[in-house]
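Next come two complexes, and both contain chain A; in the first it sits with chain B, in the second with chain C.
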Partner chain A sequence: MDRNRILRFLNQEYILEGLLILILGGVTLWPLTRLGMEILVSKEPALTFFKETLVEDPSASRAFRNTVDAAVWSSLLAVLLGASAALAVALTDMRAKGLATFLILVPMLVPSQITALAWKELVGLFSGSGTRNPLYSREGVILVLGIEHSTAVFLAVRASLRSLSWDLVEASRVLGAKPFRILRTVVLPLILPGILAGFSLSFVAGIGNFGVPALLGIPGRFPVLTTLIYRKLNGFGTSVLSETAVLSLLLIALACVGLALRATASRSLSARVSGHKTEGVLFSLGKYRILVEVGIGILFLGISLLPLLSLARTSLIPAIGVPLTAGTVTFRNFRFVLLEQPAVMRAFTVSFRLALLVALLTTVIALLLAYLSEVRKRPLARILDVIADAPYAIPGIAVSIAMILAFLKPLPLLGSLYSTFWILLVAYVSRFLALSLRAVVSGMEQFDPRLEEAAQVAGAAMWRRIVTVVTPSVAPAAAAGALLVFIAALNELTVSSLLWSTGNETIGVMIYAMHYEGNSPAAAAVSMLSVTIVFLAAGITSWLGKSLPKGVIPWRA
Partner chain B sequence: MKNRIGGMVRIAALCVLLSPLNAFAQASGVLHVYTSQPMNQMAEVVKAFNEKYPNVKVELFRSGTTEVMNKLEAESAAGAPKADVVLIADSIATTKLKNEGRLLAYKEAPVRGIPKEFIDPDMTFFGTKIITTGIMYNTKLAKKVPSSWMDLLEPEIAKNTIMPSPLYSGAAVIHVGTLVEQPVFGWKYYSTLAERGAVATQGNGNVVEAVSRGEKAYGIIIEYMALNAKAKGSPVDFVIPREGVSVITQPVAILKTTKNLAAAKAFVDWQLSEVAQRQAVQQGYYPIVPTIAPPAGYPKLETIKFLSADPAVLLQKDQQNKKRFAELFGG
Partner chain C sequence: MAGLKLWGVTKRFGSVLALDQVTLDVSEREFVSILGPSGCGKTTLLRMVAGFETPDEGTIELDGKVVARKGMSLPPEERELGMVFQSYALWPHLSVFENVAYGLRVRRVRGQELRRRVAQALELVGLGGYEDRKPEQLSGGQRQRVSLARCLVVRPRLVLLDEPLANLDANLREEMQTELRRIQRESGATFLFVTHDQEEALSLSDRVVVMDKGRVQQEDTPERLYQCPATPMVASFIGGGIVVSAVLISQDPRGRGKARLGSVVTEVRLPLENQNKVTNLDARLTGGGGASRLSGPGSEEGSGLERNGVPCLLCVRTENVELEQPPQEETGHGDVREQYKETFTGRVRWISYRGNGYLVGIEWEETTIRGGHVAFSIAGTGDGECRAREFRVLVPSDPPTIGSMVQFRVKGSWVIPVNEST
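Our next item is the complex of A and B:
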């Protein structure tokens, strides 16, 4: 290879790197920096600023306390549910573990505002007439958040159980320890980092959640930071932008506490004892097996499917308060939302367009970025990787505030993006790039760089190598990543609740609005439609994922 | 000097002569409408408006009345009010804008056939439809069909009653404000309701949901939401109490700071036109023009007694009323 050609390759890489810096700079780095500037540019130190907000604004301090309260208690509930389910599935000889795992993981696929709506319907069926739905309360928010996030704990604990060295269990058994003692003294200490990681994941998700406190907490007079930001911005418009920016930075600070806890947990997780066998039966259930199986089955059927069924029930009645019988069952709500209500149809179009575009864009960006960081091992690309992860790690509402701050002022040539379709697109790309990137990077780790070097020696230019050599080998992982992004974007509510505008409503926003206007059957119908689409997409993802490396699809692993 | 005055008079006369023509010819460009009317209805309104004025591009900001007012406030404070026209639920909010000198008097507005009490005497805002607040009940749970506001005070009924809060709903602001101004009710009425266990929720949507579901047997609510639920089959009905109902008229008004006066006037003209009134009836509202028939199944307008209260008084006592309500029923 002569010098000129080498130089050309290098240049191509520089061009690609420059392009990615521009994209990530525009959609992520600039908005987040702009958000940070809200307190950095003020003369006072940041801490004083937080303190003042919390001391002087009683509604902010109340929301702050409620946020921490709900996140901690719901995470404890999530640990109780998720960890015990993971232990039961991993350590006992119960049957139908695949089915049980599926049931346990269902809440992961259902967007949180739909979970909240479904639980409200379910509890509403049993709470007697003349009483307010008990889920409109602090406890309701904690219960639904805990269930929603139990899946994260389940996955984290399951992962740590899988890396548990079974030799230790066998050794304790030989020494005569009873199963429960082994669980307490051997297994639990070893999977504690996994439990902690699950707890912190659930905590971070809990403080950033908007759908559950919006549907249950606002009527229940249990304000949290996300709903406070939403109500302030909706009520007072962009004049309170810097006030909401401080609140979102508070949220980010809380998220950082959770993320730091998780980082600590996963550090001790990697220091594990290696062994050969990693799975086995600690508890032989014997004659109690069927009892345990039925118990777990009923518990998770109740948690995962019953709420969805009651939501389906509501979508089939003509109006609230009408019992569902053969005579009253109707598809009118579906007809109404699909054919008669232009705003709903538009919301489906907008969400579909957004989800498809975002899936496509994030996959392309992730492919190029992963190529530079994983195959070419360029240090700058590794930094870009970290930047790309940030908007998914922090609460979504903070991302929306960052976007408004960055794009409210008209840009040269583009004008103001605020209250257009484009701000939603930019925000979604920023928020969901991490999902796609994780999938592509796991695919790329299995890619043999020598293949690419061979193509390079054979004279293929960089773009050609990316298209013909790298992309085909990571295509299944990239497709799975794209589907994950599609699923997440289709039902997005947190980011869109602040960025939607007339003509650019998303499905999540539409469900929320219809519910608020007192049209629960129509809200239920839209929810059922979008849940169906999500389950289909998840089915395709699982099918695609059969040959994929571990870690690409979160619910497999 | 005389000549100059004559010239000015002539120019003014010419302007007056040409202005209707101008308004029609120039109704184009972007018109910012801030409204509290539901989004799907506004979509239909804009569509019908554009059939007559195809060159006007209507940009909507839609939210609750309180939020619309906050946005206007914020924009004025920033020195750049974007809105040209407001179409919000209650005359209190509009009176507030009027008192602040932000509304334009539109003397030539086509108000023929509209009852005087629904039009601002200074021609700054005009009612566009009539929305009344009455009593809704769950037909399975209610042991007694109420016929009077006083019926809600019965201990068994009061503890089974839910109402919207003026902190969230513009209709509730008017309703509470109007009722407490009536000597027979006063704040005593609301404090008795509170004592006997009636509760307040957020908006009217929450009331219709709670009564339809049977969480509560009785609700204070605007008529079309209740009648709409009834039409769809919810086990509910609606009554106009015999003392009368409070009324909101969803006034339309032009802001002085409008940058598109021609289109703004066109929008007001259209709102008061028969086409718009018939559309309002289709959407489930009482028309502001009594000669047009109300939606099917609605009590006849002539049979309804309206409780009235001076918007200026309602405005003056607004904060105080909200505070007292919150003290009784929680924030």
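Our next item is the complex of A and C:
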């Protein structure tokens, strides 16, 4: 009788909801609130605080200007690359579109510090030894950021091209318009919201990026807000916490501008009615087709595979400056990092353990949360959905600062989480929950609620229904989400650069440290290993995702 | 007693009244259909009995136990019901066997007993040997049978069916109707069946509950529902009857009477037990001055007959209309007020071939001849469910030509009893 009563109690939806409120409150709501409090509790009004930081601290105002500068120009570059790639793939009769799409999406899988490293090695090959690598500059940061974020623009523009009704194109064609006029007067105006969305995505990502400015901007004396925060905390420790909190709130404010732009763009996008047929050939390339194909092929290869190849080359030479020949090729770097450097092995262990744990935890949380918000339609759970998205939308460095602020002071029973493995775990769960949640929610949207109701009528209580009916139905989407989280967590740098501690270094931190110490071949070797793992995981995701609904896997959206 | 009782059940979704004071009594082993147009509240009612909705007012009682009242509701998993969904809702990741076994596993039935009962349930629906198939390998009809087996396997006393045949094609639907009836008899369960298809409801059920706008319009046997509709909505919804206003001029205790439409007097049938309801209306109209609302011809003529008669509504079906052969040319109609006739004169407006004959739409001339006045009104049932402006008759062969004048009689149409809502 008592056992039954306990079971019945645990089967209430609000018990589950309470549990989720506790989890999200702990890992997300409390840290973010704590970050916001840093300004609210200060004696001066918030605006004065911002103004003082910007006006009276020349390094901060310079970093602020550089951040906006780099984000805007790199986004323009990303739009140029991503939108033209999307238009070429969608509107011409070029062949091998699948291969082209794969190539343009490669930068999405490679973590930004590795992209930066790879480009540095590639450009270094041509700039000759002795001179400073030209990528160590403002232009280098903009170039690499622009290339990296062109995939986001590509995906956004492709999505809006797919919602474009082909009837509209054919209507203007019947009226005698030539392809370029149709592009200018019909296609471009209609996909403008997609381009705008791509721009704002790239802008937000550029604001918060740490890997590229850390590898290229720090040696190139081009400080941005993320690297400024990193150097301050690294140099002065937690005594400058409050100062860095203000800087990270500046970052969040900038990100919010981008997010608002994106919200506007997607609102005008969703207002469009789509016809049945959405694909067709507007530009028949005729005899120039092979030329165009080769040109696009070289461009896409240059963007995606060439830098990785140069990285592979660096990982195979004994020291910087040695040319790669049959006589010099060596696997010493791999042996060195895998066998002779216990710190590297440890970093792999830490990152693996983190990535697996985070993938597991976020998937379970996402499943339960999506069940309450999407199947049971609980209003409170919908609010939790929004909260869960926040740490992924704002710059990662701000999440790190929020975590330090929230968990520096010892907690009752647990003690201080700062400089332990656990703060990394909490921060990762908070940051990557959105990735998993989005995948599970799109799976859940396809789920027929009648399937759950049938189990309910059959007498199954809530937990049984979740385990036997809901979870199996969304399992592929959940697995894809878990793999996405795994990929992202394995190479994470931004959050861990501020939260790692001795014994708890991650792969991202390790690559950065090796590069900083000047051991590029070793850094390249570690990068190659981790890129290989990521590509394997992405391959599995794609394979799993064959039967998945649209929107679960970002590069198939 | 596996009875289901509802008292005054009311449900609002925002400002929409989905169920309005629904009272219902279903007894053991009965096959009861809930019939109505889409949005009438029938699915809400079913989901409320299942436990997916909580009533705002009223009480629901299952087997003598209150399962829901205002603000309180026993969750579906504790109601021990069966339910068949329109989409079948078979779990795609489970085999036919596991789909059917699910409810038994929840009830901790194991091993030999589990296998025996699953096999028995599949046998009952005629799907023995399909245990290892996946739902995607089955046809629509087979999925429906698995869905039935899944809910019958736990031996529920009450089975709820939410338009289970709507997704099947016509031939299969007829076959499944017979099957449903057989399975219901053999399982001994009470079936509550929601449908918008009147033929389905009439042919399957012991009793039919017609709903409209969240209210129960009539609760009766299929025969009585067709022959003696209780409200204008039921009259026009079932069997495509048209509803016209008339004046009742005489009635006898055996349920026969005469009513006047314009200048024509016809024979009508009356509800025996509800006679006083009709006269009640008379009392209300003369007292309340509401006569102008019913634009019957009587109200403007003011003859002696009108004072004796009672305004009423008639349900006229195709079988009540009879063409007079051969149609004669009408010679003037100026004096119709004084001499009442037994035949109507009208113009053929449309003809539609129906296989078993021609459906002919005839506009009665008194509808239009009086210029600005609407002399003859087809009484609507509120929001225009009945927009027919014509009498309809089914003629087996040799239909009249469109535009020609015909004469017809109306016999045995039903006087709709008047209650508060009309």
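Following the convention adopted for this analysis, the second predicted complex is superposed on the first by the 543 of 557 C-alpha atoms of A that agree within 3 Å, B and C clash if a C-alpha of one lies under 4 Å from a C-alpha of the other, contacts with A are read in each partner's own complex, and residues count from 1 in each chain.
As a convention for this text, contacts are C-beta pairs under 8 Å (C-beta built on N, C-alpha and C of every residue); 3 or more make two chains touch, one makes a residue touch a chain.
These numbers come from a predicted model, not from an experiment.
Undergrad: Looking at the overlay on chain A, is there a clash between chain B and chain C, or do the two fit?
TA: Because the two structures are overlaid on the shared chain, the partners are seen to fit without clashing.
Undergrad: Tell me which partner A:349 touches in the superposition: chain B (first), chain C (second), both or neither.
TA: A:349 sits against neither chain B nor chain C.
Undergrad: Taking the superposition on A as described, I'd like to know which of chain B and chain C A:124 touches: first, second, both or neither.
TA: first
Undergrad: Applying the document's definition of touch, where does A:532 land relative to chain B and chain C: first, second, both, or neither?
TA: neither
Undergrad: So in the superposed three-chain picture, is A:219 touching just chain B, just chain C, both, or none of them (first/second/both/neither)?
TA: It touches chain B, and chain C stays clear.
Undergrad: Regarding the shared-chain residue A:468, is it in contact with chain B (first), chain C (second), both, or neither?
TA: It touches chain C, and chain B stays clear.
Undergrad: Which partner does A:454 reach: the first (chain B), the second (chain C), both, or neither?
TA: Once the two structures are laid over each other on A, A:454 reaches chain C alone.
Undergrad: Is A:328 contacted by the first partner chain B, the second partner chain C, both or neither?
TA: The first partner, chain B, only.
Undergrad: Specify the partner with more touching residues on chain A, choosing between chain B and chain C.
TA: Touched residues of chain A are more numerous for B.
Undergrad: After overlaying the two complexes, what is the shortest C-alpha distance between chain B and chain C, in Å?
TA: Here the least C-alpha separation of chain B and chain C stands at 51 Å.
Undergrad: Once bound in the complex, which stretches of chain C touch chain A?
TA: 50-52, 75-83, 85, 87, 89-94, 102-103, 106-107, 150-151, 154, 160
Undergrad: Which bits of chain A are touching chain C when the two form their complex?
TA: Within the complex, chain A touches chain C at residues 448, 450-451, 453-461, 464, 468-469, 472-473, 475.
Undergrad: Which part of chain A faces chain B closely enough to touch in the complex?
TA: For this pair, the touching residues of chain A are 124, 127, 129-133, 218-219, 221, 234-240, 318-322, 328, 341-343, 502, 505, 513, 516-520.
Undergrad: What part of chain B is in contact with chain A in the complex they form?
TA: 38-40, 43, 59-63, 66-67, 70-71, 74-75, 77-78, 138, 140-141, 160, 199, 201-210, 212-217, 225, 229, 232-236, 330-331
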